[in-house]
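Structures given as structure tokens follow.
Two complexes are shown next, each including subunit A; its partner changes from subunit B in the first to subunit C in the second.
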Partner chain A sequence: MRERLKSSQWAGLGLIGGLVIFPFVIALLTGQPVDAGVPKFWQGMLIQVFILAVFAMSYDILMGYTGILSFGHALFFGTGAYTVGILLKHAGWDLGAALLAVIVIALVQSLIIGLLSLRVSGVYFAMVTLAFAQMAFLLAEATDFRQWTGAEDGLQSIPVPAWISPTNERLRFYYVTLGFTIVMYLLARQVVNSPTGKVMMAIRDNETRAKVLGYHALTFKLIAITVSGIMAALAGAFNALWNLNANPAVLGVGTTINALLMTIIGGVGSLIGPMLGAGVIQLLGYWLNVFFGPSWPLLFGIIYILIVLFLPYGIIGTWRLRGASWMALWRKRLQELRARL
Partner chain B sequence: MSDWILTTQALTRDFGSLRAVDHVDLQVRAGSIHAIIGPNGAGKTTLFNLISGYIKPTSGRVLLRGRDITRVPLHRMAHLGIGRSFQITNIFPTLTVLENVRLAAQARGADNLRLWRNAGKLTAYIERAYTALRQVGLHERAAQIAATLPHGDKRRLELAILLAGDADILLLDEPTAGMATEQVPMLLDLLRGIRQGTNKTILIVEHNMSVVMSLADTITVMHQGRVLAEGSPAEISANQAVREAYLGTAFAGGQL
Partner chain C sequence: MIELIQRRRGLIAGIIAIILFGMWASTQYEPRVLASILLSGLTLGALYFLVTSGLSLIFGLMDVLNFAHGTLFMIGAYIGFTLYANPRLLLNTLPFGLALVAGWILARWLPANSLPSGHRRPLWVAAVLVGLFAIWNFELAPLATTALSSGGRVPTEQAQAPTPIFIARALGLAVAGVIAGAAFLAGREHTRRPERRDLIVPIILLALALLIAPLRLTLEEWLLSLDSNTRFLLALLIGAGGGAALGGLMEWSLIRPLYSRPIYQVLVTLGLVFVGTELVKGVWGPGGYFMELPAWFSQRGPNCPSPNLIAWLQDNCASIDVLGRPFPSYRIFIIALGILMFVGIAVLLRYTRLGMIIRAGVQDGEMVQALGINVRRVFTLVFALGAGLAALGGVAAAPFLGISPGLGQEFQLQAFIAVVIGGMGSFTGAAIGSLLVGLARAFGDQIVLTGIQLPWMSEAMTFSPSIARASTVLIMALVLLLRPAGLFGKKE
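Our next item is the complex of A and B:
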């Protein structure tokens, strides 16, 4: 057990190390400067993966660890994006204060949404959250607030501070986003490993039994939705900073479905799985688009079905279930090979 | 009056037109083992569900140490010292055996909302969990995922969860159901140990007559939602009405 924990920690450190040197590796491989051309492009690609990874992980805290299926997760992501955008563009706040405001607003928002909708569960909860998210979507599109939100055009040219400009300071933005993602992962891991997190998992497994043991389920669900909401809102804020805009689509159903897909593909209830899922979706989407053009979502649908069929527990889930026996099989084959040589 | 830790007054519960529990007046003496027996459908589990707050009565009251707890929400019951196990195994399937029991130990503590603590480091709860696991003989399976346990072990886990909760009143709903025969003496020893070593009260629904007769201080017989008879094991086994209504030929056949 201890040995396996160590190996997974090594894998994590290796992954982080790899991501830290990644821009320079690409620069070395292509012979291009690290802040231009192909290296810059791939930094951008990974920045989007990092942002989506945090978003997917926040969804996992809710769905994977607490067993709450939300169809309105875009609400938090989108609100985060619009909050940081409006505060930077129209209120002239500095970035730190705006991000703090994102956290505070997400906290209040998730508590309100939680208190209003956690009275129902399962599919009903999913529907209520969907309704809230659609309300926000319509609000963002409403022409009445055009001067603040840009209505259906979205909030354009958000004035991101020069030192972190995603166009001129791409490498710095890359490291800031990577750091943000690592911090969010460590926080999420702390939450799920805490006594509170264990109660969340107990509620996921068997809510009534948890109540009989003496746990007030609503309290723990509220904590889960709040942690998840804040994390999603921060991911949304980073998304707005990266794109320099926020448009109504960030509040749309597609955004929530994206989080759901990433979580399922990567593996529910593992934190790291949804992060991998974010990478898979983003990179797969990019390559499919390169090779097959605008019809790529069709192919993606087929791949998604194949993944669900053959990896029903997602990448990480299936690995945890079958990894040990696969490794044993490989070792056996290697031994056979060696014996033959 | 102070002798009675738990009493019910005219406790009644209807399911549609069916009266599952019908004006039951139950008095449970503190520190005793009180068994409830009766044929299937007599309302035993419904009575348990009413006492433990799992469902609310149609009418009547439940009193704990003289205090009305009829309308207390389910999650508060554990904090009042009422713990229960279930007839149908009711565990946390994807968590480990240890985590199942640790959650029970942690429930009444002050650490539930400590997001910055690591659950694996709360040693007091872990120790209590291991004590409970050792009591039911499951400590060697602590790291196993609960869903992968054989059925009999799940029954023992159910029991360990109850023990770790450290309730004053333990409600056991058919603890021997699905348990291997050779495990039954363990259960008997365990319950006797609890009665002798602590002043906990045990309320038990059980079909295994040898368990009931050798263990209980008081037996309440239920039949069609009502209390048919109440008394010591000797009184109950001598009661003609009980023989006819419930024990019937099996009882006369000398199963005792």
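Our next item is the complex of A and C:
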């Protein structure tokens, strides 16, 4: 099958290629070995971007594609992190089995939360999911389960298999997370472009009409929550592997706000947008932290509010709205320049 | 009769559940233990009610779910506590606020209507720059933390700064206010021409700012020399007032531009949770504080605990005897405050013009607007009212629960659960939901103390307070399963 690739697909392939050779490029530029110093640091930076990108994308499947506003997404992320941590540390499972268990647990959990919370809609849903996530946060902090969860301190030093250890085998971890992100993106795109995805979007645009056309809205919303929950849980599991720990903060409101922020900055209702948002947030957070020290979360919150007020469609959305006219403007200017020369 | 039962089935189901639970509880605990659990539950319920009533009113009227309500509660607690323990921070920032607002109002006298709207953005930038320049290097954190930790004995640099510098800063902010006001008015038509009597308010504000500036230290000493009861009442008033002002400002500046995009309103309020918490951490420090009880609720002596409420009026004991067990008198005060506010709001809703507009607005906001009532102004008022109630709750909770930046989130969670149980937008529902959650928490805390022993267990099972706190979510899940709209909510 010799189909010509569209320009956006070329861009995607180029981006992946760029990310694959990125560690070596940095190593060349800095003259340091690829598994130490600056290149290692930037690999770590991008690993976090990849993990957050999957998390943000999973959030956008709910918010951008199905029109469900959840404030409890940290629940899935945190459960993934804790599940993999507990299974590796206390149950001594191997990594593959633990990740499989994460998927199964996330499936069951998102079905239960979905069935309970979807009895209400709109902001009620946001409120109810926030309550469930806060419950999980409180349980993670509870001293009763200290021998498993480590209470306030969280799970420390999760024994990650040596071949993928984020400290010693950073480069390998980098490629594994990159592969994970690409697979998740392709899966998410498959879901979103499938007939099921179309029904989700129909529900987002007009739920009554979708119902009248004969679609069982609850089923499709449940599918969206399940897909989104599993993706978020896997992202959380990778987060635990990367940090070698899981603390109650991954279940806190901050985690949900982070997902929201990345989704909104990147652009609601596209898969690339949230991933881009994850990159922006991670790098912005890093620079703000360097320049402003401990007061950066405050600046972060203010930036978030300004973006919600003034840039509601995010980077991708604004580009889609204005991109064509900007491009036309630039082309005109270029022509003028050429004519003058 | 049957119709009545059908209409009131939420209430009836609630009452039956309470009776059943009461029967179980009375077999489990002896009466005096039960009495103090009930009173603790009422205390918590009263505090939750102060949060949920505002939340519910705001949601009912303008369909905005304010996720920052718990944050307002926490900020109210901090403001009240600061006034009570050491008002240095408030006295040193108040003139700035007053000057800014005065400048903003004074901008109406500029020929701003002739400014084209294109000048708006540069003017905003100029206002922000001037404002930042005016408060450059004026740090709030030392004003709050050193003053509070030393009881005001240690002077702070900012408070000791010479008056001319302080006044120059205030005037700079007034100028920033004028520029911001001009930016706000630029290109705007249909503004009412100001009259001479409109000058009174900004002049008074500016005069107050200039008057407080040289008297900051004297005022601080005077406030600290007042007896603790007066300071406590002042703290309640100023805390609630500050919270109301913040709420009004929030509605006007952040919520109002977004009425056409409801989801984004919620997103903004969630962002405010983050900003508010970080701001409080930055100013007052990440640690917690403990607020001392005023003299009314803290006397100890041979007569204590007071045998009854009337005896307490004379001896002001820290606790009151309830069926042979001492119960803190301050918690009785919180219960009274809750009941007072419940009655007050009920009267406001039922017998005043504003209440009539609010009730009508809950039913059909567009119709109220069509009848020529300025709904936007009522929105701001109700938002301020709700925020003020939450902040009042925060001040009242401060001596009882302590103050920390995490206080808001905990209350937010329980308030949300109460609202889901009671039904959104229903005032009675908010009250009953708060009461139920409060009682559930009190019983949970008791079970934490004693453990739970079911017939087949050899020894009692114990668990930590976190689980008791988390367990109220289960009640919410139950209500959602049985009656998604809540006990008093309307069906969607």
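Points worth noting:
Please note the rule applied: the second predicted complex is superposed on the first by the 325 of 341 C-alpha atoms of A that agree within 3 Å, B and C clash if a C-alpha of one lies under 4 Å from a C-alpha of the other, contacts with A are read in each partner's own complex, and residues count from 1 in each chain.
Keep this in mind: a contact is a pair of C-beta atoms (placed from the backbone, for glycine too) under 8 Å apart; a residue touches a chain by one contact, two chains touch by 3 or more.
Because the structure is predicted, anything quoted here is derived from the model rather than measured.
Per the definitions stated earlier, placing subunit B and subunit C onto a shared subunit A by superposition produces no clash, and the two fit side by side. After overlaying the two complexes on the shared chain, residue contacts for A:Leu138 are found with subunit C alone; subunit B is out of touch. Angle at the C-alpha centre of subunit A formed with the centres of subunit B and subunit C, after superposition on chain A: 80°, rounded to the nearest 10.
Of the two partner chains, subunit B is the only one touched by A:Ala210; subunit C is not.
Residue contacts after overlaying the shared chain place A:Leu186 against neither subunit B nor subunit C.
When both complexes are overlaid on chain A, the residue A:Ile21 reaches neither subunit B nor subunit C.
Shared-chain residue A:Val120: touches subunit C; no touch with subunit B. Judged by the touch definition given at the top, the superposed model places A:Ala11 against neither subunit B nor subunit C. Put simply, more of the residues of subunit A are touched by C, taking subunit B and subunit C as the two choices.
Judged by the touch definition given at the top, the superposed model places A:Gly301 against subunit C, while subunit B stays out of reach. Put simply, the nearest alpha carbons of subunit B and subunit C end up 12 Å apart when the two models share chain A. If you check the complex, the residues on subunit B that touch subunit A are 52, 54, 74-79, 83-84, 86, 90-95, 99, 102-104, 106-108, 111-120, 122, 143, 161, 165. Across the complex, subunit C meets subunit A through its residues 59, 65, 67, 254, 257-258, 261-264, 266-268, 270-275, 278-279, 282, 409, 413, 416-417, 419-420, 424, 463-464, 466-467, 469-470, 473, 476-477, 480-481, 484-485, 492.
Of all the residues in subunit A, the ones that touch subunit C in their complex are 69, 71, 116-117, 119-121, 123-124, 126-128, 130-132, 134-135, 138-139, 141-144, 253-254, 257, 260, 264, 295, 297-298, 300-302, 304-305, 308-309, 312.
Here subunit A touches subunit B in the complex through residues 1, 190-191, 193-199, 201-202, 204-206, 208-217, 219-220, 223, going by the rule given at the top.
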